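Should a chain be cited, it is by its letter among A, B, C and D, assigned in written order, with residues numbered from 1 in that chain.
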Amino acid sequence: MATKPDFSQEVSNLLYASEGNPLKRCIQCGTCSGTCPVAGFMDLTPRRLIAMINAGLKDEVLASNTFWCCASCYHCTVRCPSNIDIAEAMYALKRYSMWKNQYQEGLIGPIFSETFVKMIVKSGRSYEPVLAPTYIFSYGIREFFQEAYTATNLMLKGRLPVLPPRIKRLENFRRMIGRIIPLGDLT
Amino acid sequence: MKQYAYFPGCSLEKIALSYHLSAIETTRKLDVELKELDDWNCCGATAYFHVDELLAYTLCARNLAMAERVGLDLVAPCSGCYKNMYFTSAHLQRDPDLAEHVNFALEEDNLHFSGKTAVRHLIEVFVNEVGLDEIKSKVSHPLRDLRVIPYYGCQILRPRKDHENVEEPQFFEGLLSAIGADPVDYPHKLRCCGGSLIITNRLAALSMVRNLLQSAVDCEAAVIATACPMCQVNLECYQQQINQEFGTKFFMPVVYFTQLVGLSFGIPPKRLGIGSELVSATPVLSWIQKSKQEN
Amino acid sequence: MSEQFEPVIVGFLCNWCSYRAADLAGTSRIKYAPNMRAIRVMCSGRVDPQFVLKALREGADGVMIAGCHPGECHYVDGNIKTLRRFSLLKRLLDQWGIEPERVQLVWASASEGNILAAAVDRMTEQVRALGPLRWKETVWGDGYPSGNGHAPELAPAETPAAVEEV
Amino acid sequence: MTEKVGVYVCHCGTNIAKTVDVVEVARWAEDQPNVEVARDNKFMCSSLGQAQIEEDIRERGLTRVVVASCSPHMHEKTFRAACEQAGLNPFLFEMANIREHDSWITEDRAAATLKAKALIKGAIERVVHHQPLEPVPVDINPSTMIVGGGIAGISAALELANAGYHVYLVEREPSIGGHMAQLDKTFPTLDCSACILTPRMVEVGQHPNITLLTWSEVEAVDGYLGNFTVSVRKKARFVDERYCTGCGICIEKCPHKVVDEIFEAGLGNRKVIYRPFPQAVPKYPVIDKEHCVYFLRGKCKACQIFCPTTPNSIDFDQQDEMLKLQVGNIILATGYDLFDSRRIPQYGYGRLANVFTSLEFERLVNAAGPTSGRIVLRDMQTQPNSIGIVHCVGSRDENYHVYCSKVCCMYSLKFAHLVHERIPGAEVYNFYIDMRTPGKGYEEFYHRLLDEETHFIRGKAAEVTDSARLPGEEGKLIIQVEDTLIGKQRRIPVDMVILSPAMEARYDSREVTKLFRMGCDFDGFFIERHPKLDPVATMTEGIYIAGACQGPKDIPDSVAQGAAASARVAGLISRGTVFMEPVRAHIDAEACSGCRICNSMCPYNAIIFHEDEKVSEVITALCQGCGTCVAACPSASITGAHFTNDQILSQIEGILWDVREPLAVPV
């Protein structure tokens, strides 16, 4: 296609393997938003977000917290009468906004994901303590102590790892990843 | 003896250790061997899909390929891992280009994905592979009158599309009845617990869990049974935080279905990792004692 | 266009579905490759394998057979019979070294002008990529004495004379 | 052979001339062998164009005619008529489609012109092999069978009967009336369904020209337009219609009740010997064998004991009866099924007591229904004060039915109105995706409901639950939905939920299409011959469709289609004989090897085998001309008239005229 793909197209292009219909097929029935358990915390309901994507309101969409609120429980995807894979579309938006480095102020999601990925590239396994710093500071003092309290309890019950786990063939693993994305910006 | 390539997943190593222990114990009783996949790597959770889809598929594919090599079906006890593996496998089989790209990366670890291994959730192994009759036959200490919530959570079933089963599944209930417990008709058994949000969107996650706990209390359930470490941690470990946030007084034990099955098989609680929960599951235990005396 | 190879494709379209689909494609002004030349038959079930062979031998680079979707045949199940014949024909053509893309079976209902048009475009490109079908070289070339070669047996109505003339 | 072919190339204004060099093509055609004359013309279909053809036939003695213009589906008839006018057999004509298949699909003038030549050359080569043919005359049996006694079938039956033609009306249930008989009021005029339906039912029951066969099912259909033979099973009623007066004493006296799943939608009971509803036509009751104590345990016979007629009308030994009907045409009006709401578990139907389907609600509000018109909850006494009506249950949903069921919006509005009428002050919520009210007086009805202060929430209900989360939700059903006009998720607590399920094709519509040799679409609805111009005919001659079996429809549309189908049939009957395309297969007995391959090929069993002479023969009247047998015949002894091998083979040669020289480089 010679012409530059519109926003909706760009988002769909980030859905490598989803079998759902394109966002253009949305009939704005609101089943997704009616189903969504997190809808209350989104500044825009998923349905509205899709409408705005189709309208090409890129900046407004990326400024929204909606897709970062998605718990990827796939309830919308399962129920959508237009067979649109909404949860995957939310993933696509996350990827898009991280790729363009454009997202709402003060969101933990992006930083967290980034750290998480780095961690896995490093060790091949996830390890909670590494993650803590990514969000703990953005918490208010009260939350901080609550988290700390929970953590301590878990520690006492022997449910928190002390040493970071790592896989054996880490070198191969890294090179494997290297064939998909440039490691430079991750490690 | 049935064998499976067992993919514990990161959380079962520590925070959900009890799930791991109880899974091993109970399956052994059922003549099923879970052979831990050698050198498995993180499935990428949800976060990976935020960054790079292809990479996420590759991570899952590595595990799938290793399972293929040992020629066993892959079993994941964590719904998140299960969903990632299951759909990675599905997508790669449907989309040769994607598979080619991923296999190109796998070469670096001398692996190849061809889609030979099936991916199963641990609870599927109990319900479909072993079968409820087999399980019944092993029950020595039925959890009589124990009101248990069969909490499916989201990713065991979704995003599959066979609606009757996705919106109104019954297999968890069946399993609980098989071990003598009394499954509660819990309206939110398929509602998401917000596991993936607990860090990135704490308040949302907490209030989601709160709704679940509230309706669990309304249903007069004694305990919630889960089949996913994320759900367990979310529903249990954060109760005290929820109580502080919302001034509630929840004290609802949340255990793994394997722990309940184990108890019904008469396996000592300790070996099932019972005792490591923050909200003590003693009520469950006391029920067992009771049913013991009855037998 | 004189530069680029323009394949000639003979299309056998059934009167009820695919021919009407082609009509619809026209009425809705869908633009697609003009390389397919349609012959109307009442049912795709009428398409005798010898028609296909004839077309290929007479210089067509490909043949498209189009009918109603299975289960929607105007004549109950004519298209199912087409399907069976088609798979046999494919095997034969394969033995003769004729690429599978050159003979294609397409389902298009009377309302699916776009589908038919797309199929023609796709097939045209595929055949263009394969280049001209040189029947002589491909089929007779490897030393079959013309006249009592394979084709006459397989296409009963063809007299040896008709074969000579190729 | 030499023929004098006239070739006429049409400009079709600029439609063709724009991309095809018409003049050049005509000039080229002139030089082709066998071509006597070739002309181009602005509009061949105009009277001038036709006159030109006729003139040339007369003046220049043309023996064949080729017109290169639009699709034969457009104007083949026109030009055939022209040939006939000039005394040339209409089948010595052939058309080349250089518009739909050529000038309209490309902008490449050179390519289009080349293709036009090819298509015309093909037509020329073909037409010289054409044979003069005579259309096949078929006599039309004046009686007609109508399958399905709903409003569509009833309307069709009355139209024909009143026109003086005999009708067999076959109905699966014990009474005619169909879904309409179950309804309370009808939108938008709100006249009572029974009041307008009953008189027509009675008329059917009494009409001298209508043979009413209720409690009967079609089992086999043979034959073709004009002469169908239909086998109908008349199920045993165990009531002798010759003596029964329909007094109903047996029903009164029958000691056993069962839940009426069909007519009362499971909300009410009926006796084991029953009439679906008081105004049933015919009035004779039926014994429900599965539940009858006599049939189960051999005693009771209350009905027989109390039957006042002599001889006694109750006959426990009655057997199913097989009838063979001779009819000329068949009208299918088999209606629809209601989508099973259990398939959408999140709406809780079957799990949550106070979730009802539209049909259940119709029975609830129906004055003649189980609650004599009182709107109550499942406990059959509590009156709801808030009601949620959920649209598009199984419609407009790719997981179930993609199509819009057309009537749900309107009857949902009707429900809302009835609630306002019966329960003053009740809160009524309509959950809709789009309010679809096209139709006379429909939008006005919507306005009326807006005035009645119905709540309209634009959003497809996501789920119905009984688990209270917020104050005010205890003991209620909560409908969770996004109010898309506000962009907020809302939870609406109500006492009663009414689901408006999709209209779907009958569960057995596919078997029916096989039985009648016609088609049904992906959703199981019967396919009409043309979606716009021929909505009641099917691709099978002599078989017509009317009502919801063709697609979701409301009452006026069904009635209209019923009448339309009858008009089509009446037309044929009054003509007495019809002429059909002589496109038929013929077997040359000399050449036939008797291998019988064709016998199994024919979808119409039109080919019989003569054991004695060991040859097969085509029953011309049964043959529909598909040509499958022709293609299958290994001894090439079957000819498909107007689609013969040499016609098609020479068309192939013609169409490839420019590439036939193996080494020729494409132009």
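Note that contacts are C-beta pairs under 8 Å (C-beta built on N, C-alpha and C of every residue); 3 or more make two chains touch, one makes a residue touch a chain.
Quick caveat: nothing in here was measured; it's all calculated off a predicted structure.
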**Request:** Decide which interface, B-D or A-B, involves more C-beta pairs in contact, and give its chain pair.
**Result:** A-B
**Item:** Averaged-CA centre spacing for the pair subunit D and subunit B, given as whole angstrom
**Value:** 50
**Asked** How many angstrom between the C-alpha centroids of subunit B and subunit A?
**Response** 22
**Message:** Suppose each chain is reduced to the average of its Cα coordinates; what separation in Å results between subunit B and subunit C?
**Reply:** 55
**Message:** Quick check: what residues of subunit D touch more than one other chain, meaning two or more?
**Reply:** 346, 399
**Prompt:** subunit C: which residues touch two or more other chains?
**Reply:** none
**Complete:** Residues in subunit B with touches to at least two other chains are numbered 161, 163, 167
**Prompt:** For each chain, which other chains does it touch, given as pairs?
**Reply:** A-B, A-D, B-D, C-D
**Asked** For subunit C, which residues count as touching subunit D in their complex?
**Response** 1-2, 5-8, 10, 16, 19-20, 22-27, 29-35, 37-43, 45-51, 54-55, 58-60, 71-78, 81, 85, 111, 117, 132, 134-136, 156-157, 166
**Complete:** Per the touch rule above, subunit B residues touching subunit D in the complex are 161, 163-164, 167-168, 187-188, 211, 214-215, 218
**Request:** Flag every residue of subunit B that touches subunit A in the complex, lowest number first.
**Result:** 10, 13-17, 39-42, 44-55, 57-59, 62, 87, 91, 94-95, 98, 101, 104-110, 154-155, 158-161, 163, 166-167, 190-192, 194-197, 199-205, 207-208, 237-238, 240-241, 244-245, 276-278
**subunit D partner contacts - residues on subunit A that touch it in the complex** = 21, 27-36, 39-40, 44-45, 47-48, 79, 81-83
**Item:** Of all residues in subunit A, those that touch subunit B in their complex
**Value:** 14-17, 19, 37-38, 40-41, 68-69, 71-75, 77-78, 85, 87, 91, 94-95, 98, 107-110, 112-114, 116-117, 120, 124-128, 131, 134-135, 139, 143, 146-147, 149-150, 153-154, 157-161, 165, 167-169, 172-173, 175-181
